[in-house]
């Protein structure tokens, strides 16, 4: 496959994890500007596991995912009691706290004569497991795609088990949901754990593709983009955030002629979409209408 | 001990600019119940217009200040029209995401127009530094403090002793009640946006003139400082915004002195996170921020 | 028949204001307890306390079991279901999904296809009873305020509620609509259930209630059968002076 296409598709895949992560919380009625924190945690944890400790790749991925989910739940445990703007800023504060901490986080070991491991603001080099195992970019893209598909299947399964419906109840009207027997706080924490896990997995995959990560990559901008993807694509289905990523990374990054004006074009596009459809292109109303139409 | 007092003094000078940013955020949130995260970038457009006037015609501080106000106003109006007036009031998420989208536009627009890493900005007129009992207050800091104080006085007068201020407070209290009291909600919201832009522009101007140079990163910086100060002080309270700004300035100055630059960030964001969890109403103890859904 | 709901010395404060002042109330199984009183007398507060939304002092027993310490979800799981003065539905879910939402908390996550079909049929029957079956797949924004009330009742009906708390179900309804709501309640919603009915309309209270309690400023000022209570001149003055009813 064309290397450029492979790299664009891989980026789309990786951003999709982040977008799905933010989307899960949006469904539960919370905006998080801080999902990049779990992306960073997944990247660093899995990187340390494979590059410093010499763990197998799959185990490193699992560690990144588990840590993302665990810390996600831990942060949500107090934060989910907050609502609206407070929750958004609390997640932002946590993410910036994570980034600032990674700026001073040093954990280096001598691996084959090289100092390997996170080196504060200088970043974390030589996460080379994929490279050393001789996995071609095309194959790695397939791994990303498979895991992304797995996440989507899990979300689909959750929808079959009425899990998504209950999360939507919590997101739309927590008071009514509570009076219908839904334990709102548990759902919010659960959603945050799931979102943290998805972002952690994405981060782990990102670190092993890039082989180099640094704290500055996990800035607020990354997190706000993740929220914007879901809101452009639509909150009605899990396809929404993927569509958002596709519009931004896919369309605009591949059109090189637009590169210099990318943000101006993307920003304008988003502003117009949000005026016309405040909950995105594939919003709940459209999904309901399509379902209703399909029944006839 | 002297260090502690000196740091506090420095912190208050920096904090007074943060307070103005936080007040700008609070004004907008108060009447809109929606967050305009592109507030910082709109000020950034202002100071770049000021810098452009300065570079183009070697204009002084007065002309640059006027250009800053005009730039911030125009950018704010652009944001207000597209992200707030054009989007239904109950779609707070959409407004926030939309203001972010416009932020991206403004930031890239400015980066394209000013390709250098930094751009020169006219500096403040030199004022003598003050030294009392071993404490030092720079002339610039003094000017910043005085200007911020003046803006606060004017703002207080406007909000609590004018008809427009009354309409604004009514709208902040309850949009429905304001509407049935024959207040033109759209007009008041629009004017409040403009007022916030001017207050923010003063802060931007003071900071840019103190540094003598500006970068497109100012937008992100100003939004973060304003948001942090507003949340620490208590969302929706003007008094809280003022206090939050000063507290943020003092904490930053102390942390910088005793722990260093890297730790300063950790301390500030740690404080913000803790503050939100332990004290969601902020220092001002806001009970009902209007952000929660009520029965 | 024993009391399904036993309220003793219930007190609710908002700052310095007493919203409920040492209220005692006993509701027998499968009867309708009407609650009347002027605006601000504590009627809605009573419902909000019973659902667990407002924390209050005093004891509340439901079917012999103390529930005052339970959270709203825990009470809902015991079969305590309410409607709202301003109908509350999920605006971004179809009407059938709104019906389904009422059942999620109390059944297993996993539903086989046949179980799901059975449930849908049950829910659509419930909608049909209240005349809403034809819009099952539409969004609630298509409904009028009156139809939203019917949807809330249909939703309460299918949950198998044991204690129904109805918060002014006929507020804002025309007299024809109120008649329809009253019929729907007597024919479908009320039979076999214990009901607390907060209402302004005297005609509705007379038609539906077994007993009637009148609140004023958080205090119980009258209790008995609707006819006996509404015959008292002081109560009539208290209720008829109400601007809503005037």
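Lettered A, B and C in written order, each chain numbered from 1.
Rule of thumb we're sticking to: a contact is a pair of C-beta atoms (placed from the backbone, for glycine too) under 8 Å apart; a residue touches a chain by one contact, two chains touch by 3 or more.
By chain, with names taken from UniProt: A = Amino acid/amide ABC transporter membrane protein 2, HAAT family; B = Branched-chain amino acid transport system permease protein; C = Amino acid/amide ABC transporter ATP-binding protein 1, HAAT family.
Given the structure is predicted, the values throughout are model-derived calculations rather than measurements.
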Quick one: which pair of chains has the most contacts? A-B
Innermost chain, where centres are averages of C-alpha coordinates: A
Whole-Å distance, chain A centre to chain C centre, using C-alpha means? 43
So, what's the distance in Å between the C-alpha centres of chain C and chain B? 48
Counting only Cα atoms for the centres, state how far chain A is from chain B in Å. 30
Touching two or more other chains, which residues of chain B qualify? 295
Residue numbers in chain A touching 2 or more other chains? 173, 175, 279
Two or more other chains are touched by the chain C residues 53
Touch list for chain A against partner chain C, complex: 161-163, 165-166, 168-169, 172-173, 175-184, 279, 283-285, 288-289, 291-292, 295
Given the complex, residues on chain C that touch chain A span 51, 53, 71-73, 76-77, 81-82, 84, 88-94, 97, 100-102, 104-106, 109-111, 137-139
Please output the residues of chain A touching chain B within their complex, sorted ascending. 26, 31, 78-79, 82-86, 88-90, 92-94, 96-97, 100-101, 103-104, 120-121, 173-175, 220-221, 224, 227-228, 231-232, 260-264, 266-271, 274-275, 278-279
Give every residue of chain B touching chain A within the complex, in rising order. 29, 35, 37, 82-83, 86-88, 91-98, 100-105, 107-109, 112, 220, 224, 227-228, 231, 235, 262-263, 265-266, 269-270, 272-273, 276-277, 280, 289, 291-293, 295
